[in-house]
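Next come two complexes, and both contain chain A; in the first it sits with chain B, in the second with chain C.
Let's look at the complex of A and B:
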């Protein structure tokens, strides 16, 4: 039974991985990657690493890939990206290097495991409690460094998004433009929800007048 | 896995697991049509009308008539759609919803035919993470359905679904972490047993409210049903679906509602436990759980009849600026209280 599941999941992982690099459409490529990640999660389950499997699906398939799909579905799909000549030469070289490295690693350590029965299953292995205990004792330093790295990445993302003209100022300009054309207290959804005060001193509506030209781009915020 | 080191609590024979799976699925499958009538009749009462009352006694046969109507419709898809994805998407939606149902515990371990049978599909060590894993995959049902329809309404609905699901999943998860910290276990039956003294509704009230609000968004129910905002998007991601694939999406939506109600019952309302020290025999447990789930489902319908739909930016700013900080604060306070 476990052998059948293993081969289904392994073939799924391989097909997904091949699909990522061979499919032309970026959307299908991302979907192939999702398929690959879910197959990997099934392989983790077969190794009794329930927590890792769930984390794999929740974090990668359920969050990271969702953003990929989001972006690709909005902007991707049109023209095909033509790879430059440098990329055409370097790509296979890097792939070859990774393949050699993996072969060395596998031949060096994995071959010994084939003849033995493998590591025994210890009760509680791979459970969240077990993993949590290891994180806070044996691998505490690595765990903290990794969390620091994630924090830096999160702050960096916020800073970068802010430098590139966030949505807020533009939204306010847009709202102002709308205001100029609408009598005060006509009851928009924003007024009703209280997110924007009712325009008490709004300018008189001027029909047949186009909205004021959008103000110039605000200066990038120094952070 | 022939290792002798492994120690599992107890192992149910394979036939019991299959029977359990069939019984739980059949029960949920039987409840779902009744739920649609229940929702429509309740909505009718809220809106000062009768609701469906023509087919069968009290209109109870209404879903049967509708299923026949949907099943006999001509299969149709737009020329711009992508055929096989268009067909796969409802399957993903149903599969993930039913898989998540397996986690809801309907009762304690019972002795039936000399076997120890847990009245739940599975009791995994990762607990709620299992539900979140399938919630993560269920996104692809919505996404593929909207994208492969080749229609702008569907696409926009799916995109809203994407943003909404990942925004509110975080708050929902953090609200549950408070319960998990208090109970000290991830197993859902363990969490129910930990509520013997007091249901977590009281010590984790903030978490309960946050979970409930986030659940509205996760299940695409009003007032967060922007995914299928019919005033602006016709029908959202299933605009182009008709016939049985459409039923599949509706089935998944109601099933998700049942799952969320089950998780809320387990996490906050003490699962199959009854207050005031009442200990009914074991076979009553599933009915207690279903009754508690019906409280949540009634509340879902009530809110749908009461609150108007939010605007999209309100949804996002509420999720990220109000709900997420609250959930984090709740988690921090809980952790401090538990440790100290």
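Let's look at the complex of A and C:
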């Protein structure tokens, strides 16, 4: 039973990973990564890491991916050109070489540990109670440093992404371009949900709301 | 399942992620591929924790998740800043960043 579950989850994780790399639209890449993360959480459960699996689904597949989806919907994917010829050929070759090397190293190592099913299971292994006790006793310093790191990252993101009105002249065209509807085929949220027409349709110029209304027609003077 | 199988899956995911980082040009997708590589490392850590019967590897995996979340936050902040400055969202066009 666990072998069947392992193969289903492993194939799901690998398919998700390949989807992230090969799909053209960043929106679909994010969705493939969500699928990959959930499959990986199933693998964690098979390895008796209950708390890590729960954190993976809640924090990663939930919160972090929502952040990605918002940024993709904000920036839009755009048409991505293919990489240069050298990288397009050498990149996959390099990845394949690393894969073969790692597989040879692991399968040919002859270590007894990795061909066993692991240490005997103790009740409560990997449960939130055990993890929490370790975090607050043996790894207390690590825990505090992690919280400090999260604080620094949050402040850094706010500083990086804030609007610098004081440094750049206010550009009305750019503001309009940001708030206008994006052209089709750029991987926005509406396209992913299928509520927008196919990307082949010509983008309609959106009427700009802030444009001044046309001056009223002068009334014809009747004589 | 033997622990070795989990390690093989982890190695394959890591290589897919590495290939993606090398071949894609959109920084958003490059960040996603970095996530793939970090997750592959997490899978190996949890597998070794299971092998030894200790929970220290799982603690390590959780800390890796924290660091990955920080990296994502700063990376996405950079991408939003690039978009605001009307720079192209393409790593090959941003070669002036190298110093």
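Going forward, the second predicted complex is superposed on the first by the 116 of 223 C-alpha atoms of A that agree within 3 Å, B and C clash if a C-alpha of one lies under 4 Å from a C-alpha of the other, contacts with A are read in each partner's own complex, and residues count from 1 in each chain.
In this text, a contact is a pair of C-beta atoms (placed from the backbone, for glycine too) under 8 Å apart; a residue touches a chain by one contact, two chains touch by 3 or more.
Note that the coordinates shown come from a computational prediction; the quantities given were computed from them, not determined experimentally.
Contacts of A:66 after superposition: chain B is touched, whereas chain C is not reached. Using the contact criterion defined above for the overlaid structures, shared-chain residue A:2 touches chain B and also reaches chain C.
Contact with both chain B and chain C is seen for A:74 once the two complexes are overlaid on the shared chain.
Shared-chain residue A:128: touches chain B; no touch with chain C. In the overlay built on the shared chain, the residue A:55 is in contact with chain B and with chain C. More residues of chain A are in touch with C than with the other of chain B and chain C. In the superposition on chain A, contact of A:120 is made with both chain B and chain C.
Once chain A of one complex is fitted onto chain A of the other, the partner contacts of A:37 are limited to chain C, with no touch recorded for chain B.
Residues common to the contacts of chain A with chain B and with chain C across the two structures: 2, 48, 51, 55, 63, 67, 74, 120, 122.
Contacts from chain B toward chain A in the complex involve residues 1, 3-8, 124-126, 129-130, 132-137, 139-140, 143-144, 147, 155, 158-159, 162-163, 165-166, 169, 186, 311, 314. Per the touch definition, chain A reaches chain C in the complex via residues 2-3, 6, 10, 13-14, 17-18, 20-21, 26, 29-30, 33, 36-37, 40, 43-44, 46-49, 51-52, 55-56, 59-60, 63-64, 67-68, 71-72, 74-75, 77-78, 80-84, 87-88, 90-92, 94-96, 98-99, 102-103, 106-107, 113-120, 122, 125-126, 130-131, 134-135, 139, 142, 146, 149-150, 152-154, 156-161, 163-164, 168, 174. Considering their complex, residues 2, 27, 31, 34, 38, 41, 48, 50-51, 53-55, 57-58, 61-63, 66-67, 69-70, 73-74, 120-123, 127-129, 189-190, 193, 195 of chain A touch chain B. Within the complex formed with chain A, the residues of chain C that make contact are 1-9, 11-20, 22-26, 28-29, 31-33, 35-36, 39, 42-43, 46-47, 49-53, 55-56, 58-59, 61-63, 65-74, 76-81, 83-86, 89-90, 92.
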